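Some structures are shown below for you to check.
Both complexes shown next keep subunit A, but they swap its partner, so subunit B is in the first and subunit C is in the second.
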Partner chain A sequence: MSNAPSPFVRAALDAAATLPSTGIAWLDAARAENLDAFAVTGLPEGRDEAWKYTPLRALSQRGFALADRAAAVAAIVDPALYALPGVDGGRVVFVDGAFRADLSSLDADGVEWTPLSGALSTHPEPLRFALANRYRRAAADAFAHLNAALSTDGLVLRISEGVALAKPLHIVHVSSGVQGDSAWHVRVLVEIGKYASAEIVEHFVSAGAAAQLGTLVSDVVAGEGARLGLVVVQDASVATTLVRRSHVRLDERAEVTLHALELGGALVRHEVSAELVGDGARFDSRGVFALSGRQHADTQLEIRHNARNTASDALWRGIADGRSRGVFRGAIVVSEGADGTDASLSNKNLLLSGQAEIDTKPELEIYADEVKAAHGATIGQLDERSLFYLRSRGIPLVQARSLLTLAFCRAVFESLPNEALREHLGELLVAHLPTSPAAE
Partner chain B sequence: MHMLKIDNLHARVEGKEILKGLSLAVKPGEVHAIMGPNGAGKSTLGNVLAGRDGYEVTEGSVTFDGRDLLALEPEERAAVGVFLAFQYPVEIPGVNNTYFLRAALNAQRKFRGEAELDSMRFLKLVREKLKVMQISDELLHRAVNEGFSGGEKKRNEIFQMAVLEPKLAILDETDSGLDIDALKQVAEGVNALRSPDRSFVIVTHYQRLLDYIEPDFVHVLAGGRIVESGDKNLALKLEEQGYAWLADTHPELRKADLAGAPA
Partner chain C sequence: MNESENMTRDVAAPVRDNAEVEAALNRRYEAGFVTDIESTSLPPGLSEDIVRQLSAIKQEPEWMTEWRLAAYRHWLTMPEPDWAKLDIAPIDYQAVSYYSAPKAGPKSLDEVDPKLLETYEKLGVPLHERARLAGVAVDAVFDSVSVGTTFRKELAEAGVIFCSMSEAIREHGDLVRQYLGSVVPTGDNYFAALNSAVFSDGSFVFIPKGVRCPMELSTYFRINAINTGQFERTLIVAEDDAYVSYLEGCTAPMRDENQLHAAVVELVALERAQIKYSTVQNWYPGDENGVGGIYNFVTKRGDCRGADSKISWTQVETGSAITWKYPSCVLRGDRSVGEFYSVALTHHRQQADTGTKMIHIGKGTKSKIVAKGISAGRSSNSYRGLVKIEKGADGARNYTQCDSLLIGKKCGAHTFPYMEVKNPNAIVEHEATTSKISDDQLFYCLSRGIGEEDAVSMIVDGFCKQVFRELPMEFAVEAKKLLEVSLEGAVG
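And now, the complex of A and B:
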């Protein structure tokens, strides 16, 4: 039965056939190679450990044409859709995967950027390593292959050495809502120069409820002594399928902090892999998903300590209501020789309904001596005693539930230095919390 | 006119009948003390009146200000003026004490059709009440009851009561686990809130709290019913003689019903 390609694979092959040659031999070859690899493996199946809790059977029966580029560029999008308080340092906007020059405005000293489509038509050679060679070496999975085969746009962003950006940059991915079962694939390359510092907000929104598929593959390099605050706000429509892979490389004494808020989507997955390759590097991550209805969210966090005296602290929360399902895998790998590593991971989850499900899997692999590592995961429910206490003082049940739920996630945002954004994210989360007692 | 009228109340917890025909009537401004041995149903009474899940009323009625109290949700009971000071106040990490109290007060006001208080007016109110309760405002900046000592938790209960200004306050063994100084502070707080419109039902295992809060009536709760009522002298008699003598006048009470003697 695995001989016949699924509708998903067939549609991807058809989509690839519609792409014109880039005119760059190595890029065309890389795309073809990735497409072949994707066609051979197809979508991951249940026996693939990395996808065990995120079944793709239903997705494999759907076919996605590529989102039409002309329609994406012409789509009318209200900027109010993605306005974020405290995020005003310039913006790059993609609609259905296509760069939108008219909606983008980013002009800051020390920031060089170009849409991937533009870079490929003018100076493709510097991107050769990232776009071609990397996949031959890395263990890419189906979606990474798919993205490499079909992505035609994206962002190349560099912050120059020693530059401290005063204001956060905003990278927005909009689903226009005008294109139905269509797919977009975006590739992002970010480089934070030595001793530079920046805050980048990656933001997913939908203008309508079109059932789109989006894939995003990001590579972030934080150079020696660089500091990066990365914020992910995923507020896509509940019809969206979104698969993202973010790889973060940290050089010597680089410090990266990730804050992630996952609210929307029908089926969303975010694979975050951080590689601490320089001595003294630090990677902190905080995130929460809040799910309801039949949403499915999957966060795969992998932190690799490959150098001495590196540190990581991961603090993740999950909330699942209705018939939703949340998946979290948090792996810490301490390589041989990575002495002096200090790593901790905490994942706590809250089930707000009897039909919701959360699967959490903390993993620890240690091949070095002199390591401090701690990890733990819990799944629980709102405390009935606390609920009654709040209600006995006059706070209605619905409000009491959202108060306790927000309290449960408070630690995730506490460390976000951008106060206006921090408050907004809290409000956004509250707005997504169930407004009625858990159904059934 | 009674503020609270409990008539022949029967209630079950986990299938076991705890209250077996309890009756009690409280008029505005009165202070009633309810004493009784362990397992008599003292805490059950408070929880039933506040509307806690798992307490099933099988018979009888509770009328508060002319309303059927048992038909109301816990938050509605609070809004119409019923306050339960918990025996074991819950710690709620992540929820700021001030935020919580303002949310509670405004939810109650909204329910009653009154204007909500903005943060300026709320803080002014809180400062006034802090003074009365002799509570440091450092407590306000912490999460609800988190890391509070036993005494701080109980004082926080009374402080909440002061801010919410209920018509009826039920104190569920508020004195348990308090040293004498904390006990006095709690009693002072309660006394400061006594008024002709406000009633108190003070549930206690020990007589000593009544040295500082003088009750108008004292009742003995045993075997799930009020079996004896009197004035403050009844409390003194219980202190001296325990509960066993009640078996003489109430042959239906089993020995076990009267087992827990006051200290």
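And now, the complex of A and C:
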């Protein structure tokens, strides 16, 4: 915390000054509060435990103006950029943080949705609790403050009670590439009604190589008995800085499964916090990052068991090549009284280069005794004997490595029920896997 | 005060039996008595003046005084660490007396105040007896000064130096100067800096080249006086091809005030040297409501400087209101090995944040961590560890296993392992589990006619076996007993 605000903070303050009033007193107040809080704390520093392995010194020296809304709405984006096989249940597209009605089409029974900008201009009051209250609760996190202070658009999505969506919904965030070093901030609110079921794919892509900053804060509530499959595909340009934070609340017997594929970005931070507040809830998460060059990806997973007989299973893989750095924190918290919890976490990492680094920190915090909790983490490299075996069968080294690397992270997608999507993500991953033999 | 100078090296041995070891361990906190002997203390408070006075009392050379002062000045600039998962009531460093010594300076071990010897006997450390029977050389530290070191003659013949730190500073100044602070620098952390400024005594061990220390060395620490802190400093140096096994035990009387204990232990292992360091820590843990007890803030670090050296830490932590302790290994020498075996038990309102650091620098270095945490009552027990593989540590290997056992609904068991790897030829593995004593196991024992408490202590014993195996035999027996005592009333 230095006295003079960093260029990053200065630019954020300047950006806030350009935002017109929303015309909603409580929202303006919440924004101002968050902006103040952000200005006071600035970006987290190395001493901040939560950011220990993700230094933001370089980022703090950069300033981002807000992406221009008119330009974002006018930008030409090729839909082929974000086409995903197996994901055809309707689509909502944001370009540089602005909702694009022309590219979005979502019309399914039992699905209510509006862009946040629209909802605020027509019916702001129902959003008051989510927007004004949560902001305060998110205190102490700089990016949440920043997002709350500067986000003007986003999505409000509600799936009605008992509705089972047959096809997956696609939420796309495009970086247009026409706006240089600019920033966008998006806020998403999702509610899955009681006993409803859905699959939602959150997708990040870039049209160009602009060095944009994007922040996304989402709140997901899975009601009693609801089932949600959440897939995150992050394939942004390697110049992008992306900070995502999602909070998932699970009511009684709700089941949420997250699959995350982390491929792009220069500096990416993905925070997932799942709170199992209803008895019998279950949260499973699977994810993989494949990094090369100078990429930096940081996944922060926190699973809180606050009710009885809840379960969670986490399976995360990381691959770091080149001069990249992969960071993982996976915390399982079992609160007092959360008896019958069954939690496990596995984090395995492949370190493929002498210049790359992996930092991992699986944590257990347990306050109840009728509990089964376990975690395991490894950092290592491809098994020499397996490589030798494959080569002895005439498979070239490059191919053998890529085969074994794929095998290493395969388990992550095995449980994805959407077969077409599963195949596609596998291919996407293979394309990102390092092909050059690292240390021969 | 110049007590250690005149101590006899020859030790007479009035025979006493070891039944008192058991008696001492058999009830709640039996070590909680106060020995009524007059002691000399410095007035409470900490200033450059106190540091100078302390140094003067100990008749230290100029360089030592300066070293302490530098540490003190550095300490003033440091913030108290707050990252551990501990809830620490504010500590008033000015209310602590930084020096306390029994008044009647003993002229020889035979002249050591009988009351004091009795204290040790109650604790199960009859200096003469136990030492001779077990072949253990004991250096007992009472409050701040070393009251007697046994078996010095035998050790001297082997070329081993084993004496109090005060004596070492006076008589082996060059050696001390060469190594003191070389593993834990004075400014390493808040408590290490404090210790460097005010440490009053401790043990110094030097094993010269090629010597295998003929017996196990041991220190027994005891805090007796009220409002005193104990700041001991231990330095063990094993030269090339040397071997030593060192044991340390600690107790303190029951008092309602919290007492401060901030120790620093430094180990240096040169080429092919091996140091095995075992601790049984049984400081007064406070009562059921968390009143009183020792604040145990300890910095322990071993430096495997030479190739093929090995440092092994084994600890059984059952005492203290608060434990903040991370015995670490810096694996600098190629193929050096670090080990950490730990059992930490917390009950009532005890809090422990303990673990280890393994820093792999040399090629082919290996480390192994086995940590067992047992929480009962309303206690909080955290494992915090770091495994760091530096860029040059080709082929480094680490295996970590931490298991937690919960006994009761109100306690907490936490695991915070950090793994940082910068070398693609290294393999780091971590596993952790948390569970309670399984109903099946308990039922089985009960059905065989084993009482519930016995069953629990049997299961706990099994849970800790991997660690107890690493302890020297008498310590393993003591550790097992301690666990039973500490767990009394935890079940049911």
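Basically, the second predicted complex is superposed on the first by the 434 of 440 C-alpha atoms of A that agree within 3 Å, B and C clash if a C-alpha of one lies under 4 Å from a C-alpha of the other, contacts with A are read in each partner's own complex, and residues count from 1 in each chain.
Criterion: a contact is a pair of C-beta atoms (placed from the backbone, for glycine too) under 8 Å apart; a residue touches a chain by one contact, two chains touch by 3 or more.
No experiment lies behind these values; they were computed from the predicted model shown.
Engineer: Touch test for A:Leu19: subunit B only (first), subunit C only (second), both, or neither?
Structural biologist: neither
Engineer: Taking the superposition as given, does A:Glu384 touch the first partner, subunit B, the second, subunit C, both, or neither?
Structural biologist: first
Engineer: Would you sort A:Phe408 into first (subunit B), second (subunit C), both or neither based on which partner it touches?
Structural biologist: Touch status of A:Phe408: first partner only.
Engineer: Touching A:Val430, do we find subunit B (first), subunit C (second), both, or neither?
Structural biologist: In the superposition, A:Val430 contacts neither subunit B nor subunit C.
Engineer: A:Ile395 contacts which: subunit B (first), subunit C (second), both, neither?
Structural biologist: first
Engineer: Between subunit B (first) and subunit C (second), which does A:Ala374 come into contact with in this model arrangement: first, second, both, or neither?
Structural biologist: Second partner only, subunit C.
Engineer: Just checking: does A:Leu103 make contact with subunit B only, subunit C only, both, or neither of them? Give me first, second, both or neither.
Structural biologist: neither
Engineer: Just subunit B (first), just subunit C (second), both, or neither: which does A:Glu49 touch?
Structural biologist: The second partner, subunit C, only.
Engineer: In the superposed arrangement, does A:Ala356 touch subunit B (first), subunit C (second), both or neither?
Structural biologist: second
Engineer: More residues of subunit A in touch with subunit C or with subunit B?
Structural biologist: Of the two chains, more subunit A residues are contacted by C.
Engineer: Would you mind listing the overlap between the subunit B footprint and the subunit C footprint on subunit A?
Structural biologist: No residue sits in both footprints.
Engineer: Which positions of subunit A touch subunit B when the two form their complex?
Structural biologist: Spelled out, the residues of subunit A in touch with subunit B are 383-386, 388-397, 399-400, 403-404, 406-408, 410-411.
Engineer: What does subunit C use to touch subunit A in their complex?
Structural biologist: For subunit C paired with subunit A, touching residues are 83, 389, 391, 404, 406-436.
Engineer: Subunit A touches which residues of subunit B in the complex?
Structural biologist: 50-53, 73-75, 77-79, 83-84, 86, 89-90, 92-95, 100-101, 103-105, 107-108, 111, 143-144, 160, 164
Engineer: Can you name the residues of subunit A that touch subunit C in the complex?
Structural biologist: Against subunit C, subunit A makes touches at 49, 53, 336-337, 349, 351-354, 356-381, 438-439.
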